[in-house]
Amino acid sequence: MSRSTPPIVGWLVVLAITIALGLFTGNERLLTLAIQTYTLAALATSWNILGGFAGQVSLGHAAFFGLGALLTRELWLGGRPLPLAILIALVVTAATAAVVGVPMLRFRGIYFSVGTLALGVAVFITAGNLRPGISSLPAEALRAYEFQGRYYTALGVVAVTVAISAWLRRSKTGLGMMAVREDEEAASATGVNSFAHKMAAFVISATLAALAGAVFGYFSVSYYPQFPFSVTWTFDAITVVFVGGVGTIIGPLVGAVFYVVGRDLLSSTFPEVQVIVFGVLFILVVLLLPGGFVEGGHRVFAALSRRGTAQPTGSRAEGERETMEGKESV
Amino acid sequence: MLKVENLGAGYGDLQVVWDVSFEVPAGALVAIIGSNGAGKTTTLRALMNLVPAMAGTIEFKGESIVGVPTHQIVERGLIMIPESRATFASLSVADNLALGAYTKRARRDRQTTLTDVYEIFPRLAERKSQLAGTLSGGERQMLAIGKALMARPEMLVLDEPSLGLAPIIVENTFDEIRAIRDRGVSVLMVEQHVEATLELVDYAYVLELGHVVIEGPSSDLMTDPRVREAYLSLQ
Amino acid sequence: MRQLIIQSAVSGLLVGGIYGIVALGLALSFGVLKVLNVAHGELVMLGGYAAFFLFTNMGLDPLLTIPLVFICVFALGTVLYSLLFKFVVRFDIETRIKNSLLISFGLVLILQAIAVFLFSGDDRTIVTEYSSKALVVTGWVRIPWARSAGLVVAVIAAFLLEWLLNRTTFGHAVRGTSEDWALASLTGINVRRVYMIAFAISAGLAGVAGSLVSLGYSVSPSIGLGWTLKALIVIVLAGLGSMRGIVLAGALLGLVEGLASVWLGSAYRGVVALVVFLVVLSFRPQGLFGRGGNHV
């Protein structure tokens, strides 16, 4: 069905490289950047499932990211083994999302977006009230801190998230989600249970966000528990998804790499400059290149391969068709 | 007054109107007739630049209006009444009429024009403060025409003025169109009601699948066998 | 206890006035242009800074500089429209709303960062000689002058806006454009210019709200999103259709928040508004005073 799926081989190569990276470099800065990239990539991919596949733009995504971070950290620091802590965090988040989703998903379009924004901010305020103090790793945990374990945890999480996202995209459920995205009325008319599909997207997306949050909670040495609930995480995820290519699989990944690397390169300048640069980039993408880097890549590729044959230059409609194709593949 | 040559227009990739040429002399009452999908509305929208003209020339009072913004075309005196949604439902009758005289040209004589319009359509005067959305179909048609007259048109373009109206109202509307022409306004109308239209107008063009296939004085067209067969027997 | 309740109610009502005026601006841009500008709160913030600097550097009273701040942010609004939102209006309504949401999203980040860069992250408040003075009623209820200004200005603005929209040709043109832009074009209305001016007016109103915020409360680069959310909540609460309804809803929201803070404490004040929002949206989506349809 897809026109140009990067073959499994490509994914395996990337996986091999990233695995090797963790084994052969001890550079803590590089590993930190990598872990940040994976966390953001996982969060962005999770948002993409709800926002890109199902077309429901959630502005409160950070609530689930924060919940995952909070629960994982507290359970883990409280003595439970990490995998169990993560599992509990995921289950609780999934249940919460299911409950919250029932009223939330009745809202359509911007009402859903604004409703989730309101929810996200409410949760942020509450988290700050309930846990005002900083959360720091206790002494023995600090001594036992090593990067490799965290690196592979993060890598594992993003790999799992991407795999689920890719599987979902090709599945019947995924198709149903995309039908809802295109036209909810029409989808319902053809027998697609739009509420069920939106709910599935909502819960899966929330759970994967919590998974990314778990990585954050495990990786961070000390932070304010309110921080992962902050709307900036939602902003970052959405920026990354759009800049990379909303609705695609590699879009969020490409976007995350670009974002973390770019931010690091700009870090010698004022932090505001970073934000301004990405803000402008985001706006340009929305206005000019809605499919993000993925669409840009497809257009460049198409233009290059067209140079060989004598064809009229693409009209606007052709460009739109390419955009559609760009969204279908990968 | 209006001269259109080799007009091409459409929506994005879909071209609907091909190589259409027609003319409306000053003071004339001209019709473009054809069935659904023939491209009549698209032609009018291209005239007013609601849809860009892909090819051809459009001259109003000797000046090209291709690419001129719609509101400027209106300012020059070319007024169009669209086929549906020709009035602002959320505004009152009086406000609709007032807004009709929005252009600088029309604003000067707004009060006198308003008096005239209320004379022609006393029913509108009765319903001055009523919201346009609550009017009946016939009343809304009256308001649409009244609003257009407020703009002091030199030429009036009507898109299917008979659409959705009861026959008696159609008759009244056509009488009013004739009266408008008699007052010196050139009129172009697009219609599906071929017989009644041909009895009204001086000259007509038949549009089929985006092409002008027949043209001539209405008296000729009424007796033209092609027209009789395609449009009058199916009436 | 009774004192606390009444004083909280009064304070809430006063801040509700500012909610009203922030919401008025957003209602104009959303109602007319069908564009969702979530950076509206950032315009409030910038207006607040403008008032602050006019006061600190030139000694001009913030209530007197309201017209000047309006003009400044109005001008900024025309720039933002011409550079960004102009491109969004050519889409159909659904795409338009979604894209304007996203674009203004980016704008939030940009404007906030610019503010941090220019003004630093500190809170700024305008302290005039009447800032600490209040009207004292029945011996102990304090109605601070500085904060009352918000409610007064909001009511005036609502009446002005209603007069503009209902009694002037321009206002009719705005309402007509928001209902049917094609028909508006055919009526000789320069739709692009109407959009731009309506957007700029909405920005100007945000700026005025900012003046009042820096007078009665404080401004810092990060306050934007909070105000935008409040404005959205007020709009949902009131429903589109009446400017007076919006100010009323703003005051009501402030009142409810104020009363709730007596029992929940001020830490959860913000949460109250959000819960109210979700409840109203669920059970009465057209708002308390909404008329539905194409009214602005």
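We just call them A, B and C in the order they show up, numbering each chain from 1.
Assume a residue touches a chain if its C-beta (ideal position, glycine included) is under 8 Å from a C-beta of that chain, and two chains touch if they have at least 3 such contacts.
No experiment lies behind these values; they were computed from the predicted model shown.
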Pair of chains ranked first by number of touching C-beta pairs: A-C
Chain closest to the assembly centre - both centres taken as Cα means: C
Centre-to-centre distance between chain C and chain A (centres being mean Cα positions), rounded to whole Å: 32
Chain centre separation (chain A, chain B; CA means) in Å: 54
Chain B-chain C separation of Cα centroids, rounded to whole Å: 43
Per-residue multi-chain contacts in chain B, two or more chains: none
Chain A partner contacts - residues on chain C that touch it in the complex: 36, 84, 87-88, 94, 97-99, 101-103, 105-110, 112-114, 116-117, 225-226, 229, 232-233, 236, 267-268, 270-271, 274-275, 277-278, 281-282, 285
Residues of chain B touching chain C in the complex: 48, 50, 69-71, 74-75, 79-80, 82, 85-91, 95, 98-100, 102-103, 106, 133, 147, 151
Chain C contact footprint on chain A (complex, rising order): 57, 103, 106-107, 109-111, 113-115, 117-119, 121-122, 125-126, 129, 231, 235, 238-239, 242, 270-273, 275-276, 278-280, 282-283, 286-287
Parts of chain C lying in touch with chain B, wherever the complex brings them together: 169, 172-173, 175-176, 179-180, 182-183, 185-191, 293-295
